[in-house]
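Below, chain A partners chain B and then partners chain C, in two separate complexes.
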Partner chain A sequence: MRLHALLASAAFLVAGTVAIFADDAYHIDYHHALLGFPKHDATFFQQPYAGSKASLIYTLSDKLVVGAVNPKDGSLVWRQTLSPSPNITDGFLRAGEEQDTVLSAVGGEITAWSASDGRFAWRTAFPDATVKDLEILELEDAKSERDTKDAVILLSDGTHGVKRLDGRTGAVKWTYPDNSGDSPFQISISATSIYYISLHSTMLGGLKIKVTSLNPLTGQKLDQYTLNSDGEAVPGSVLFAGANSASPILAWTDKSHKVLKINIIGSKSTSTFNVPGAGSEEVQKIVLHAPHRINSLSHFLVHYQTANAHSAEVFHADLKTHAISKAYSLPELAGKGAFTTSTTDANVYFTRITSNEVIVVSSVSHGILGRWPVKGVASSNELYPIHGVSEVVVRSGSAHAVRSALLLSDGQWALIRNGEFVWTRPELLAGAVTAVWAELPEEETLAQELAIEGHENIIAAYIHRVRRHIRDLEHFPAWLQSLPVRILANFAGKSSSTSATEIQQDTFGFHKLVIVATDNGHLVGLNVGNAGRVVWNIDLAQLAPGIKFDNPKLSISRGYFEVRQKGLETPLFINSTTGSALTAEKVKAESDQLPKAQTLISYDLVDGELSGFLGDQEASSPIWKFVPPSGERIVGVSARPARDPVASIGKVLGDRRVLYKYLNPNLVLVTTVLDARRRASIYLLDSASGNLLYAAVHNNIDISRTIPSALSENWLSYSLTLDSSVENSSRGYQLVVAELFESSIPNDRGPLGAETNSSSIQPSAASDDAAKPYVISQTYHIPEEISHMTVTQTRQGITSRELLVTLPESNSIVGIPRHVIDPRRPVGRDPTAAEASEGLTKYSPVIQFDPKWYLNHKMELFGIKSIITSPALLESTSLVFAYGLDIFGTRVAPSFAFDMLGKGFNKLQMLATVAALGVGVLFVAPLVRRKQINSLWQIP
Partner chain B sequence: MTALPPPQWVLGLNNTSSSKPKSSSIPDPPGFTATLSTKQRSQSKNAPQTAVRKPPTTEETDTLKLKKAWEIAIAPAKQLPMNAIGMYMTGSTLQIFSIFMVFTLFKTPLTAIATLGRTFAPYTTPGTATRLLPAKFVFVLMNLLMLGLGLWKVNQMGLLPTTRSDWLAWETDRTWAGRAVPREWL
Partner chain C sequence: MWLAGVLFLPLALAVTPSIITIYTCPIHSARPDHSSLPTIPTPTPLAQITFDASTSLASLKSYTPPTGAYTPSHLLRVGLYDPATSEWKGVVASAASFANEYQKKLILHVDETGDVYHVGLATSGRSKTSLNGDSKGKGTGVKMEEIDIEVVERTQASQPALNKPIVLNSEGRLEGKEPEKTFLQKYWWVLALFLLVQFVSAGGDSK
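Moving on, here comes the complex of A and B:
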């Protein structure tokens, strides 16, 4: 065996043991288990089971995730993703009183979940219909068991009708079909009957509201009438149809929000109220808040929102006379606010939350029961609540405590208890569409200074460096002061704590910013060195009004970044550390990412063809075009990362010869599918010239599944799903890895020889295959589908790489070590001694994901769309950030953290050993000295 | 104050060699054995004690010295098989033991060659100077063989930069004339 072989095998052995250490878990990684924005009518406080003392917050989010959140600390108790067809965004979540299940309805599926742990209870599906409404039948009747309450659903799209489902099994008990052609709107349940409300379109474009009352036991029609709402109700103007209340009400307005009409369902009379003409300001939004409990008072609140202020009126409904009367009104307050309804027994309380205070009033009178100023992070006027739910504790006529879970205007979901923020959840991150890494400013200035030094001559560079060091001396006293604290913190095993707003550089380069763009047009800066906490959060719509930032492009420069979006003429410049907008003049127009000496070619997917353009002008005609063969459709394009350092340009074989890697920075991997023949093809192109370097065709592929691909260094990988419908020798999922070399012969640099520069257009005199790289590839079966893959990045590229794959089935991210998927693994035979010394093992067609490769250990990562990686200052470590529904970040060391002391290293013990040795020397020194003198005086 | 001459007994104590005048015909007293050098003693064991030893002639000493010089010249070759077996047995792995062995394999021949003159100095007389040259040559050759063994061992251990991979770090990647990037990176 030889030296390098020894090192290689050592590296192999080390790489084989890489896993997350138990003491690193939850320290190096962080996870925001998110739900998405909670829907207003699908969020409530509820006891998880009858007789439970504490309640949980249940919600269905706009991402169609059902979840339960602990109101004490905001931690997620359970969640389930509902996966309907992609165009469905609406859903319902209901829970009956004293029930141990919650019911969700999305698309045509009604699912019951155990309320305390989120386990699946039952599911009923109506494939050709959409559930338009879901209510729990609260009344007790003879048929239903004592502890399970039945559900009533309203179906539209396809078959219209009302169905009652058994609360225990989900079986349909009765169906009331509606063949009238009216569009179903809602159902409402009173103590005696079920009201089915549908909208009947009139010739003039107005709507007529049709109410059908049904017998809850049999589903038979009891009565039907049409409300005289013609001319006023237009699509979208029906505000509310009170659900499950003792006095179900129906409210609608006219187009201009001038008149409010309210009807008690069951009576034909409507009461008309004028919307308070609050000055000259137009009312933009009217929201009706009513209790949802069947035994509560029939009081409700109407919330009027103008551009700058909001007010409310409380109405009482008299069930006997079917009359609605205005009880009192709440004064107008500036800014935006939210109202929530809570009930205790029959009493109804309204909580008014503004940017500054929380006020609790009873529905009976306008006397304020409790008032708390809002303290904490969100007391700025910019921030206001959008909607929320509250729980009120009232003792002896005054509100003792109130807690409200609010969706705030900055996209956070927060709980305010008595005016104080208890927790916030950054739910806006659930809509992350793109993310980029940003360097910290200190690091960037240093890099800039070093670049200046690199370009100057030696003497000038030396003077510059000395000056820089003298300048740095001003930080020296502060550094000296912080030294004892840091050393103590080091020994205590704690990293120096940083507040959420403070971002500082660390020695290892683990502190970086990730800028995340969300689908609602927000940009969020996260500090990955501090458990991914939100540093800043800006709304792009405020910087460029009128433009919808649904998929912005972010490009990082020194200290700032550019935001581009279709429809935006000039890019926005934003400071990456503070999130403040910069003017274009302030920003020096420099792009240092790409060396200027080279000819710049940009390529883009235009009309299904990949075209390369000279420079970055879009108007110029393409210099090359890649048109996939007939009928094939490009589904993916992946390029080598912009910064992809490679430490060694060759691969050392076991006999110490070298296989030279084909290192072309312009590689681009195009994946195409041919729908008709279930065929997927891979094309590797030189994107500077458009030359085809390598192609592979795979037949019998399930082309409806994604084909993720990654390209790094001199290797590429992609994953395929085999079609299960045809006669295949194998089924399942495949991972293909291919590696490119300059020549198949060791010690040979291919047709280019030892030339130091190369052009993509005519690389060498050799033609055809001789000019192409030598490619070896291997295919492995993998146990799960991969939805996205990327490769770790380190500073110098010395550390071996790891392929990070997202597994949507098991909600996890796996880092596959590079040596496991080395295409040079010998097939059908054991490796020779030389191959074994390279770390190659015998090819096995199946790769089982080692549990040690899972980066997320106990966490469940839902809906990960993409993973981005960034090098740390330490060569061994790569930072990983995954986004999608959840936010997850960690750092990986594919070749072990060879340049950092582990947590297990006992610094105290080391110091104690040194001290003990020092003391020992002090004691032994006189003894030794005496012995030496004695030996001199003795006759030998 | 002038230094007094040392007393006679001090002189006698220091000057033991001249205790026995060479020209004296007076025999030693019975029971007295003159102090002999080790060489003389060994000779005296082999040869029967003669009352009067005939001093060897210059030719005889030269022949003896040459013989001795050849012995020294051949000596490294005797260690060679042992070293070779040792080197072979230790394998090519890097261990502290084999590193020490290799170190001595390099150190011994090199120091031996460096101290060539001193090694052969006792045998160099005007008569043997030219006749010693082959012996010296063989001595150097043997040491070079030893050195060769060390080199072989170092090569076995993969420490000699003889292959392409050893110079890989000095080879550079090609620079590409064009750089193509996806449009969205710009």
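Moving on, here comes the complex of A and C:
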């Protein structure tokens, strides 16, 4: 114990400034800067400025992130998050031709961003309305005036109407109010007028499509008519309304997807087409693809998707005669596919992408211009494209090249160039809801063997160990063979790098798996030792059909993990290295080997009350229950990590006395708020007995902000936002740290003394109330709000800990060293010599986040929800994994990497020095020997 | 902190000493190896406590030890129970805690309005001092033979120890700072010493 204490204090003294070294950045950390699933109608290839040769892919995702991605390598050029209010999921993204801005509309806000670097240009907000459509006015006169094109928006929810916004400033030029009560649908722009399409619901539940044409210059109403669509169009059945004069069409179907009706906007006649193959198999989905370019041909494609196959028909619209004719149809192919539209000059090309082929056709005739087999994907028929965008290069009548950015069914966003995968972005990870660490299998088996040895008597354990060693000998030849390669790799300065698919054990324990559950019901295994690459990716809906996995609970066991979800009767068991499902019997056979715990008490938050249960949570009634005082509601519950080793049971003071830590593995920290009084309270409970150990109240707190909390070892911390409307002595954000000791007196172990065992349920014969900790706490002001906090974990707990906090405003993660937030810092005076030797510094009410504490250095981490930490095999190092919108991982060494050689260590130089010294000794040794002999024989 | 106390003072004064009843209720373990366990766990009163919220003084009114065997495996819920709503909250403790060799202590956790929101049970070895009625604990406890009562109020959390703001008076100067001493006030002793030396030396000459 004393050795541990010594080590701990040694580790502590080393902890001066911790920072990321420049040569470690981007090597020890990895970052997936994600967007979310790109929306189909808000994704396009576009030149960032007029005359640019290269184009970028612009997208607005389902997480409402606007971003530009380089189509060459899939790297993110820029992104901006739009989140006006939490319940809005719909948004628009448009860019005018040869413009240097892109316009986004989400909720009631229209924002223009610089297309090349994502800088904010202007914003116009309509707080009481929602933007229903956004189009760029591609008019000749609008263009001739200036080079900035105006935008036309359609507002609904509250005030209905069409507005034209100035393209340079966002100011409203004119407004066409609509007080008819119809629901606005879309706007379409032709060369002469703006068509405003609204849906008028009839008494019978059908819809009538009303088209109003407006003067683009003044916004005055020119004409209005209603299409005879009664009885056929129902809510949700209007498929498409072309946005501009290249596709001035309105299309809708009936309920059973049997007939397709198309109208050219501006005329009152509708053409009716029968959906092909309607008799054989039910058409599930009809999608209309039309060019977006204003000067392209008015050709469009209708995509029919059945359960097992898909086909398409191409139509031509004659704008003069207002006639629509079917040009040709593309044959039915099995499986699911996607169609994309691309234009060069006036020509329109359709690209058909299926699981194994990319086909390019012209809109004019059905001849195939180019065909490429899809390579690089492991021939999995389950993988199919959902939607995408394409760019086609056509030279002399044949498609020279095609590249398509596709959203794939496994949640990846990929670019296929001529049938080959160029890059993939794991956009499904943007919806990470929970994540857990998983050990690698080799490590687990060894741990299991050691556990068996630990539970047997000495002789049996010895025999077991000898047997294990003999068994391990079979790996010896292979190990010997790999030795030269490893040594060479070591000297070359490369760490043993693994291929993308292979996960293998390393000596330092940096290679681990993280299993992430996403909000669309996927489970993804990431290899954190290899820059967080996706190892496996499974869809939980296939394992348990009909259940929505929106908030699954993952729990890791040896080699597998359990997935629990409300509505799921039995948990799913999944192999953590391969992602394959396991049967419950097999898992049971494995888990029977584990030693049984005596009595398990679990706790859970049920109806705003924290309750403890005997055994599993299915047990009938709670055995203890904590209900906060009336009016208070529980906002957070945090517990000590399941594996939280503590190296030293005491804290050595400067005068060699010891303050003993209050170490209770069952601590639970409950944070509550009282809305009426702007008060936040914290309660520290013993989760075995339900006893309340410590309670504290904070007044004048902004209770609408989050109160993150963390609990580790014998200390807890939480952060609060002070209410700005009340007269406080200070304002801003606070970080509170409290440390628990057995007694306030050094060298005193409190009532329990040195007892090794104690129970919080069974009575104790100690002289005083044993369960109570002695609490020291200190409060600091911090410059920024904290949204989440956690504590680093190391293998033995000898290394000093670091509090990892997420700062949502600066998109960063900061590791605050433990000694900075030590609640024993002397207040109002300089530390005495004894305190200074302990490492305590004078209390200052404000903690400034040192730039060296930022773990993310140059990276911007958007939307981090949570951080999880795990120990590595090296004591000095803790692995960190943050998820949310972005995925970020790194490793931290809060007391420096004292057990690892740095990158700057030159092994060759060391070897050369040793060799040179050896050679030197060889030469000098005879000389010295001769001199010694001479000195003995010479007469002084 | 005292301000909060003042705020709640009228409320607290309005409350007459209330009687709080602590109930116990046995827990059926998975293996019912005790025939003494009642089949239906109905909460039975353990202690009645008179509690005065204005003074935070509590005294034991009645105490009925729980029935059944005081074995470690027999668990009891100890807590507050509302018979009207059958709402229950409290802690779990082994029935062995009620054995005679332990000094029991009921802990009442009280919020600022004087409501008891949680209870706790602690035991300690019966020593001679505790039998003599020397109760420890920071709360105001009332000593009885069978059971101690401790009232624990919520603590106000620590506030940041801010530096004192610099207060200037209307003239823009620091308040309370003494005016600068004049040259004479500061160095009168040098002058006096000089004069003394002069006198002494003059006297020496006259001799």
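Criterion: the second predicted complex is superposed on the first by the 887 of 940 C-alpha atoms of A that agree within 3 Å, B and C clash if a C-alpha of one lies under 4 Å from a C-alpha of the other, contacts with A are read in each partner's own complex, and residues count from 1 in each chain.
In this section, a contact is a pair of C-beta atoms (placed from the backbone, for glycine too) under 8 Å apart; a residue touches a chain by one contact, two chains touch by 3 or more.
Keep in mind that what you see is a predicted model, and the values were worked out from it rather than measured.
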Does the chain A-based superposition show chain B and chain C clashing or fitting?
-> fit
First, second, both or neither for A:His464, with chain B first and chain C second | neither
Once both complexes are placed on the shared chain, angle at chain A toward chain B and chain C, C-alpha, multiple of 10 degrees = 60
When the two structures are overlaid on chain A, which partner does A:Val627 contact: first (chain B), second (chain C), both, or neither?
-> second
First (chain B), second (chain C), both or neither touched by A:Ser689 = both
Report for A:Gly612: first if it touches chain B alone, second if chain C alone, otherwise both or neither.
-> both
Give one of first, second, both or neither to describe whether A:Val668 is in contact with chain B, with chain C, with both, or with none.
-> first
Shortest distance over all C-alpha pairs of chain B and chain C after overlay on A, integer Å, is 10
Pick out the shared contact residues on chain A: the ones touching chain B in one complex and chain C in the other.
-> 612, 688-689, 759, 761
Residue ranges of chain A in contact with chain B within the complex | 1-6, 553, 555, 591, 593-595, 598-604, 612-613, 616, 618, 637, 639, 642, 646, 648-650, 652-653, 655-658, 663-666, 668, 686-689, 746-747, 752, 754-761
If you look only at chain C, which of its residues touch chain A in the complex?
-> 4, 27, 29-30, 41, 72, 75, 77, 79, 87-94, 96-97, 99, 101-102, 105, 107, 109, 111-113, 115, 117-118, 120-125, 127, 136-137, 152, 154-163
Chain B residues touching chain A - in the complex, by the definition given at the top | 91-94, 157-159, 163-166, 168-169, 171-186
Per the touch rule above, chain A residues touching chain C in the complex are 609, 612, 614-615, 621, 623-630, 681-682, 688-692, 694-699, 729-730, 734, 736, 751, 759, 761-772, 777-781, 827-828, 843, 845-846
